[in-house]
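Order as written gives the chain letters A, B, C, D and E; numbering starts at 1 within each chain.
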């Protein structure tokens, strides 16, 4: 029983319990419900943060539950990567939950939304902290399936259609992962994440396993061509849910890929089997296509969704380069993109909430009416484009350096091209919002978003601006250490 | 409609059939026959009875409850006999040490086999009657297990 | 001699079985079926299995035929 | 010649199998439901015949206690057949009960007609 | 001497004969019914513990030793199967008593269920072919009867079809037993096995014929792929509790008997020497694909579940064909997992049909909001069927897939995935449409009272529990699988 009373176990299992508690207690009062929903993410964040010092000094905290689901069992671990992932997940989740308490007032079926919001959090935290593939898979499925409820929340026909696509893709991804996991287990007798990896033998089964991982994680991460559900599902969800889907849940896919390529397969095997080339090809296609399609989209949330696809390409690029510097960029971008994209979705949500305007063409003059919101939007967008000293720049910088180390000049070009495209689809929005005009005959309505919505956005904006400026940047530090650990056994 | 000839013949023949059935039943452990055949013979005689006298003013058929009682009672008797073995801390359906085994070849022998055979006979006779009557009248479902 | 009787009985069985299968009058089929069962019982007696034989005589020829009769009386006698 | 010899020694088996085939055929192909049940009975009795003839070959004397006989044949198969007969009676009775109910619902004993009626209702 | 193996059956039989006597006093009959099931289950659980601790239990009826006496054998496999039967029957019998009546003769219905349970328990514990056959027949008869007892035209038609095919199957099995007896001169399983080891090479044709007949006979009874034709009609037209029993337990009891004969009587050596494993694998593959495909196109909820049973039986057979230790463990575990899950689904479907008055899947849109608990139970069952981790169905699939990879059959591991996907395409739309979407519910309906919901809740919890802690039964499963594979 002692094992369950340490903060790490609580961080994983508390949201699970709270999801049930919320379901039971929400019959009584909506205040308790909202409070618990916010608290669950906050408490998890604090619990994880208590370990920050330990982890940064190199300690690894482990929790094993071998009796659950033999022969594989559950196990959790806090290392650099899971620390960063866990903090990003719980931190962003906390802010978004605060935002949601205000945003969801207008929505229906709140009794369903909050328990599943917390359940999804439980899945996401479990994914980040898991120490083996099987635990990872278990929480991955929990997260994906509970997120379905968030996706179809509106229950409009489009939402149902998108949700169905999401569900089927999730199941296909889950089955692909399932296959790969049992293949790994078959080949090695273990599914743990071991620093340096342990699968050295290639062959048919190993190739199939890698394909399975690529498909399974690729579907979650929105890698082209497995992205088809993403631009449908993210826009139809309520904005807080979109922020979480784009900001947090996509990252679980790439975290999985990082874990698999470095801690299950050995780097040599990945390189010898040319899987890194495969990843680079997918990454390039994803970066170009995601950004290109984003330009053509008119709906703000769809544009942001495609932008997410492009950004996930960066991370995949960082993984595929198989190079420490690039990995630092990839891992840091997990943090950076989570913060930026959440901020963007939240601001977009605030505008939609106040004005009901989804099309970017209608955003003329909004910057004057909702000034703080649009400032946050601008900061996040500039960071996306990669303007120094915002955090988006840091990850691109590291990625480019990594690519140059590998003589991958083409990839640097690709990153520049992508930045340009980002500029093309973000800048007109900003310009229009601040300097454009309202549509003819529309009255000015100076309603700013409510504080509960505004504060989380501003906090995120602060992260975007100041993380890179503060000396001893904790995220970059963790990313560096995580990457160093991954490449330690080269 | 009654049939004089049929009724008279039946009156004479039915006791003999039943006697034969009883003989077959009770000598199950000595000669060919036993619970199944003896029970069927007795049951058939009762069916004959109810068929022949179905138009006579008197009560012409075996009541459903009666045959049900026989049917279930026989089986329960069998099982209780079996449980006796466990009660005497031997194995289920044991035949040693509960009833005197008697001399082989005589009627009262074979321990409790006679009782068990009687149980089977009751069960089978009851079942045959139930089946026949239900087929003729109810046409419903029944559990035709023996 | 015994072998011949057995052979004849077996032939009788096959004939009865074919008749049962072919005839369109269900009532005659039942009666032939009773004869079939009886023949079967005799063969079993010949094969030194008297207790099975007596059971077959009582149940196969007796009870089963009775049940068939009851069923036919409730439905129809001829096949369509 | 050898074939005939073989046949004569295995006559009971042969007849049992012929009867089995007749029963099986009747059961599967005959349209009349009562006929199907008769086929089932023929099939069952043929199997019992098969069993009894096996026992006959091996044993030779009925398992009844008599003076001077020490070895008895295995009583288990004959108990099996006995139970089998009773079970086949139960099956028959139950099947006939169902047939009567089907007749009440459809007014026919013809399997094809019943299927045709059903498919007409569904379609 | 431990009496538990025989008392399991005897208690049920005794109750089965007492219950119909009490048809005028229904409450008393219900008490006897529940008592019978509960006491027998307690014996069963006790026996499982004993077997786990002390190994195989044998019991000689009347103290007569084989080959003449009747032997009851409770090895790990039998004890496991008996445990499954007992555990699943408890909530179902509770449902029989407390759910709204679907039959006119409840006392008779309860007696039939007791008889069915006794026959199934006897089937998995019988130590000789004679008793095995007798119990198979009783089981067939009572299984048919609990379909027909509903009394509707469709149920009678379905049960007659089942009866005819079942009788053919019984004939085949009896013929096979006769052939085995012909070769070995024994009916006791242990003796048959010993004798076959010597005589099998002398009479290869007889053994082959016997195997073929056993295979066909049990294929019919256990609804293994091409001979499953009776199953959808029979299982979908039965009363709710019967459907749960039939799909959850009866087909599996036959399969257990089949496994016992194939692996423990005929013997693994012969089994491996003949090309039976490829046949089993192909049949299983067909069952999984065809069953699921047919399930997709159904609009009747119970028929869909019935076709899903065909597919799921394919999983169990697949493990038998793969024949690696882990695959066998998966198969044996799936017997329990599918029993729990399918019972849950059938009970939920029965409640849905009863409350809404419709059995069409297309009419169930939006009903989840009116009957949240029933549909939540259905959802849990669906998740388990699809094989979502954390639910029972996943664990057995995991073991099966690992077992497939153990012997290098990647294609069958992939088949499990494809089949899971197919499962998802027919289970998830029901759940999704019930809870989400803007379509208004077209039918009335609400959750039934708590006493009816209790068995569903128990099964749903069991599904989750088995999904997370299969280690509870794994020792027994491992022993059982070890028995099959020498």
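Points to keep in mind about this one:
The definition used in the following text is that a contact is a pair of C-beta atoms (placed from the backbone, for glycine too) under 8 Å apart; a residue touches a chain by one contact, two chains touch by 3 or more.
These numbers were taken from a predicted model, which means no experiment stands behind them.
Listing every chain that touches subunit C and subunit E alike gives B, D. Between subunit B and subunit C, the least number of touch steps comes to 1.
In this assembly, the chain whose C-alpha centre lies farthest from subunit B is A.
Chain-level centrality, scored on Cα centres against the all-protein Cα centre, points to E.
With centres computed as the average of Cα coordinates, no chain lies farther from subunit D than A.
Looking at which two chains touch through the most C-beta pairs, you get C-D. Between subunit A and subunit D, the centres computed from C-alpha atoms are 69 Å apart. Remark: subunit D and subunit E have CA centroids separated by 27 Å (rounded to whole angstrom). Annotation: 11 Å between the Cα-based centres of subunit C and subunit D. Centroid to centroid, with C-alpha atoms defining each point, subunit B and subunit D lie 24 Å apart. With touch defined as above, residues shared between interfaces to two or more other chains in subunit E number as follows: 138, 141, 145, 148, 151. Residue positions of subunit C touching 2 or more other chains: 50-51, 55, 59, 63, 67, 70-71, 74. Chain contacts: subunit D has residues 23, 62, 82, 85-87, 89-91, 93-94, 96, 98-101 touching two or more partner chains.
Going by the touch rule set out above, the chain pairs that meet are A-E, B-C, B-D, B-E, C-D, D-E. Of all the residues in subunit A, the ones that touch subunit E in their complex are 67-70, 72, 137-138, 141-142, 145, 152, 155-157, 160, 163-164, 167-168, 171-172, 174-176, 178-179, 182-183, 185-186, 204-205, 208. Contact residues of subunit C toward subunit D in the complex are 6-7, 10, 13-14, 17-18, 20-21, 26, 29-30, 33, 36-37, 40, 43-44, 47-52, 55-56, 59-60, 63-64, 67-68, 70-72, 74-76, 79-80. For subunit E in complex with subunit D, the touching residues are 67-68, 128, 130, 133-134, 137-138, 141, 144-145, 148, 151, 153, 156-157, 159-160, 163-164, 167-168, 170-171, 174-175, 177-178, 181-182, 185-188. Contact residues of subunit C toward subunit B in the complex are 50-51, 53-55, 57-59, 62-63, 66-67, 70-71, 73-74. Interface of subunit D with subunit B (complex): residues 62, 64-65, 82, 85-87, 89-91, 93-94, 96-98, 100-101, 104.
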